[in-house]
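Chains here go by letter, A, B, C, D and E, matching the order in which they are written, and residues are numbered from 1 within each.
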Amino acid sequence: VGTVLLTSACGGTSASTSSDSDLPAAVAQSGTLRVGMSPDFPPMEYLDEKTQSIVGVDVKLVNALGRKLGVKVKIVQQSFDQLLNSVQTGRVDIVMSGLSDTAERQKTVDFVDYFASEGRFYTLQSDAGKFTKPADVCGKTLAVSKKTDYYEQVQKYDKQHCAGAGKSAVKLLPTDSGSAARLQLEQGRADVAVQGAENLAYFEKQDAGKYESVLGPLKSTPFGIVVKKGDSKMSGAILKAMKALVKDGTYKKILTGGGMDYAVTTPVLNGTKD
Amino acid sequence: MTIPASTPVSTPTAPLVRAEGVHKYFGDLHVLQGIDLEVGAGEVLCLLGPSGSGKSTFLRCINHLETIHSGRIWLGDEIIGYQQQGTRLVERPEREIVRQRRAMGMVFQRFNLFPHRTALENVIEGPVRVKGMSARSARERGTELLERVGLGGKLDAYPRQLSGGQQQRVAIARALAMEPTLMLFDEPTSALDPELVGEVLTVMKDLADSGLTMIVVTHEIGFAREVADRVAFMDGGQIVEIGTPAEVIDSPRHERTRAFLSRVL
Amino acid sequence: MTIPASTPVSTPTAPLVRAEGVHKYFGDLHVLQGIDLEVGAGEVLCLLGPSGSGKSTFLRCINHLETIHSGRIWLGDEIIGYQQQGTRLVERPEREIVRQRRAMGMVFQRFNLFPHRTALENVIEGPVRVKGMSARSARERGTELLERVGLGGKLDAYPRQLSGGQQQRVAIARALAMEPTLMLFDEPTSALDPELVGEVLTVMKDLADSGLTMIVVTHEIGFAREVADRVAFMDGGQIVEIGTPAEVIDSPRHERTRAFLSRVL
Amino acid sequence: MSAKSAVKPVSRSDPPSTAEEMLTEPRRHPGRLVGAVAVLLVAAFIVDSFAGAQIDWGVVRHYLGAGFLIRGLGMTVLLTVVAMVLGIVLGVLVAVMRLSKNPVTSGVAWFYVWVFRGTPVYLQLLMWFNLALVFPVISVPGVYTARTVDVMTPFVAAALGLGINQGAYTSEVVRAGILSVDEGQTEAAYAIGMGRLKTMYRVVLPQAMRVIVPPIGNETIGMLKTTSLASAVGVTEILLEAQHAYYVNNRIMELLIVCAIWYLAAVSVLSVGQYYLERYFGRGSSRPLPRTPFQQFRAAVGRRSVSR
Amino acid sequence: MSAKSAVKPVSRSDPPSTAEEMLTEPRRHPGRLVGAVAVLLVAAFIVDSFAGAQIDWGVVRHYLGAGFLIRGLGMTVLLTVVAMVLGIVLGVLVAVMRLSKNPVTSGVAWFYVWVFRGTPVYLQLLMWFNLALVFPVISVPGVYTARTVDVMTPFVAAALGLGINQGAYTSEVVRAGILSVDEGQTEAAYAIGMGRLKTMYRVVLPQAMRVIVPPIGNETIGMLKTTSLASAVGVTEILLEAQHAYYVNNRIMELLIVCAIWYLAAVSVLSVGQYYLERYFGRGSSRPLPRTPFQQFRAAVGRRSVSR
């Protein structure tokens, strides 16, 4: 029986050598860009039921990105919790999965921002009249997916308009997904819910007329492509290619094709500053 | 091979237990082949017989730990375990069986002490939990009983810390603590040395004098001779011969009994 | 209360087993209080004594199922369970203890049959798994042994389907199947009727004739008289008296022995 | 020790004994029919409520045949089998180690149980999958070297994580089983010259199995469901497949019900296996073995034996 | 039945018996020290690797004292206790029902076990939480009426869902325990006039506990982790709190390690409880009871008794 030695980590990270490509040597040599995605976020990325392959806005964008970089794109399906570890351990080269760029997260990874997302309040159509001004949410039960950035934003909203303003606090009902939040609206356990605008638009197509957006959008946070912290070669290459996509119109075509004009933004490295 | 059962010898006193044509099968094995027997109130009956002849099984049927195939076993004016409805014998509801069992005590061949309780706890379990005696007076009586069988120093020992003979005595004390009307002993002296056999004999004679009815399965002929009012010899699931110790042990009428007893050392 | 142990009577043949000053405690209970004993090769020694005197414990010490506190037990030229290193007695590694145990067979007071194996499987387990005998010839010999103890018809019965006496006979057959040099019997006839006691006696006499050494704990004085070359009487963890059956049983020298034997029915 | 004659002596005027021909009959239970009817009514009410609920049974029917869910089920079952085999092997080993008199051996076993029972399996899965964070390279010097991320595929990470975690739980079950076997059995085995190891696997473990099988059945069925955590490391088992579908179409309850039906099917198969295992290891126990359905069928069709 | 004298007779030239004073000593184990050193080396290597890994131990330290995680732990423990109590009560009940001779009773018990072991607890939780989809209103006619969503708070739904699911598993463990008790015990209890019920709780269950406690320990510890599924219905237990934190700051491994430490702490407390329960129910068993740490301490400090 041979002994398996596990060599301990000693800090050595990417040693990028110079080459013709903008990409780090390893990626350029293999000719494949491995992209981590968690297909739980329609319409950004989700599984097509018939083909069982990942489709969505992010997929279209990253494929265009790959063409610009001159590499093949290989999408690696992973759970949401695993995505960032995979960048860390080199299991994937980048992650593109509707992740919001926040100052907190920038401490561990770099973001190339590419999509201006915004959260929306929505409720059953019959209840829409009850929510006309920000304070109407106070004291109500609000369902929100705990995996999204909106969970945190709603808490800030609460501080600003409700609990912080001397009114009764919003009752948060964290759910596993946006779908689960809607189920609570339906049963009347939650009065109002928050979800990404792109997400809402997608479901409007499915259950037309059942839900209605209310109040204004929550503060917009950009989605970013995740790159290993400090890997400036990679982030630089991605940013450059993204900008090229914007320039040649591919970017805008993809977003407007999905009905997301509001999300168009200028690509930038670590755009969020808080 | 088996000899037809003799009709029961009529007993001096009114019978407390009466078995009528009791048959019992284990699968295809016909273990009890028509037992007819009467035991008078206050009588001590010893059951002798070769290994596998069905002695333990018969005792267990009396206590309704085994169902029977056909026949009736009476305890007083009730059929044990069954209710006669016309010509049918239907098993009684559990509550009634429990009531009937309370009139009977039993010492098992393998003792079956409660391993998670000390000697004294084993003895008082029945009086306290079944008869509702106060824990205090049960402990007093239990201690007394255990002292009587020579275990005053082992009150707090668990069964596995006791030697074979000590366990057997705890089992006897446990059965006596219930103050039953009928006692069923399955080889109560198998693990005992001659001295203790003598002591248990004394205890049993006392009990007999106080009117307790006993059925005792034993292999010790000497013991049977001393304690029994009558002796029954079983073989092949039948009672071959029954009578006073003098009749059965000293001048057996049947060949089988004679052969069996001739081997006593 | 206890009488000082007499020095062992020297045996006719060279001793196979020799106990020297064996002491054993259970917690604070001093169970064996210096046992000195020699058993010659081919000899049959019966151990008598009251319940709780330490007979079973002593047998278990010989088989090293219990550790001892001090003293030595020799089997041939080896100390059982321990290794003498200068003046120290250190427990042996497990492998050696297993080797030593293979020379000994044991019949337990509570039989300890393997409940998940049939009678025959119980008997052939040792020969097949320990001695590496072929399953076929082990089955043949096992069947032979079980027939010899009168269980030819119960080869495939599980222990719980057997009566007490049947179980005990399976236990005897299981121990014999290992063909040991020394046999330890703990009350091998307690659950047997007089006929079977006679048969087991015959078996044991055969074994003795073929040179097997036996130590037999028993409560049956008649049995001891028939089978034993010598009889030892134990009380309070000591050997009070030892000698031929005629000496010990018929004309005991010690008061304690006399009192004990006087109670035999 | 008085013997109060609470019981009256047999009356002499009883009818003459005709008992020889009187067969006994088992107890009758008129309450059972009433109980059965009540149970059926409650069941009918529940079924009716669910049928009328806001659950689209057409969708359930549709997805019941969906290939991707069945493929997911296959992965679930495969992972369960691999993890349980690993878990049981480790569990028996660790249980025996735990009962060892050697303090190093039992200490290591204790520590293993403490750590792996003590930490969430979710974390353990992520740890194995991301082992590269700690050990970037796995190598047998001079023979084999590989990047840890290449070795630790999702399936390997999941099987290792679940199996090693399961081992800790199984070892406790096995330990309880071993403790339930009478000490006299060990002594009897020693007395016929068996060593510790042989005693364990020939005498103790087979008897312990009777006690071990039902909790292990629990653990196996639990594992079937726990494998869904493997989705954390990217194994696409049935629940993840269902989630992917309901993220898209919102049919949460319907898809979960489809999963439940598949799980139930798998559990039923396992339960049958458990039933036969229990029968096998229950042989020789004093309780009569329940008849197998097959035997029951034969008995119902064939002639009745004369005895009971 | 030959008796080959493989063993030589005692040699007569042995030194005279001085054994009377010879105390025996337990076996020595030189291998143990080597083993202990090896184990320590491996442990040191692993600890060192983790210390040097890409895990920010400062973050771990920081969150170890975080109030929100400790509050989450409190909820986890509370939910575990409530669900296990419910699960054990149901489990014992169902196990006894399962062994009943009444086919209706045992059938209902069997069905309960089949359904609740068979379906994912995640679905069961959602079912309870979303019971309003099936029964919009809960009412005891004329006494009490309420909207189902108001009754089924997250905590109630989680406690019911986890407890009822646990009952199915526990019943199997209890059933195995009951089967492990010798039939002779039941008979002895019957013989002293006990009914079925009293026999069960005075004689059978106390002895079964020895076999039941370790698997129930498993189940309790499993429950501690399973409560994290309650986050699906909005109970904010420790793992959900951690997730909220790591969705914000990306410190996934660090926060999970903090959770692991808290779980380990809770499991340690439970293990101590299990140890003492096992001691209690092991009384009278032939194996000597392990000494409690307290007794070990006393023994080490106090005088040694003369006997072993």
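Methods note: a contact is a pair of C-beta atoms (placed from the backbone, for glycine too) under 8 Å apart; a residue touches a chain by one contact, two chains touch by 3 or more.
Just so it is clear, the structure is predicted and the values come from calculations on it, not from any experiment.
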Among all the other chains, which ones are in touch with both subunit A and subunit B? D, E
When I count C-beta pairs in contact, which pair ends up with more: C-D or A-D? A-D
Please flag the chain sitting at the greatest distance from subunit C, going by CA centroids. A
Between subunit A and subunit C, what is the gap in Å from one C-alpha centre to the other? 80
CA centroid of subunit A to CA centroid of subunit D, Å: 41
Centroid of subunit B to centroid of subunit E, CA atoms only: how many Å? 44
Per-residue overlap in subunit C, given as positions that touch at least 2 other chains: 110, 160
Going by the contact rule already set, what residues in subunit E reach two or more other chains? 49, 53-54, 130, 133, 182-184, 252-253, 285-286
Would you please write down the residue numbers of subunit A that are in contact with two or more other chains? 6, 8-9, 81, 85, 88, 180, 183, 186
Pairwise, which chains touch? A-D, A-E, B-C, B-D, B-E, C-D, C-E, D-E
Considering only the defined contacts, which subunit A positions touch subunit E in the complex? 6, 8-10, 81, 84-85, 88, 102, 104-105, 107-109, 146-149, 151-152, 173-176, 180, 183, 186-189
Touching residues on subunit B, where the partner in the complex is subunit C: 26, 48-52, 56, 109-110, 161, 163-166, 169, 187, 190-198, 201, 219-223, 225-226, 259-261, 263-265
Could you pull out which subunit E residues touch subunit A in their complex? 45, 48-49, 52-54, 130, 132-133, 147, 149, 154, 231-232, 234, 236, 240, 243-244, 246-253
Subunit A residues touching subunit D - in the complex, by the definition given at the top: 2-9, 39-42, 46-47, 49, 52, 76-79, 81-82, 85-86, 88-91, 177, 179-180, 182-183, 186, 203, 206-207
Partner subunit C, residues of subunit D touching it in the complex: 182, 184-185, 187-188, 190-196, 198, 202-203, 206-207, 281, 283-286
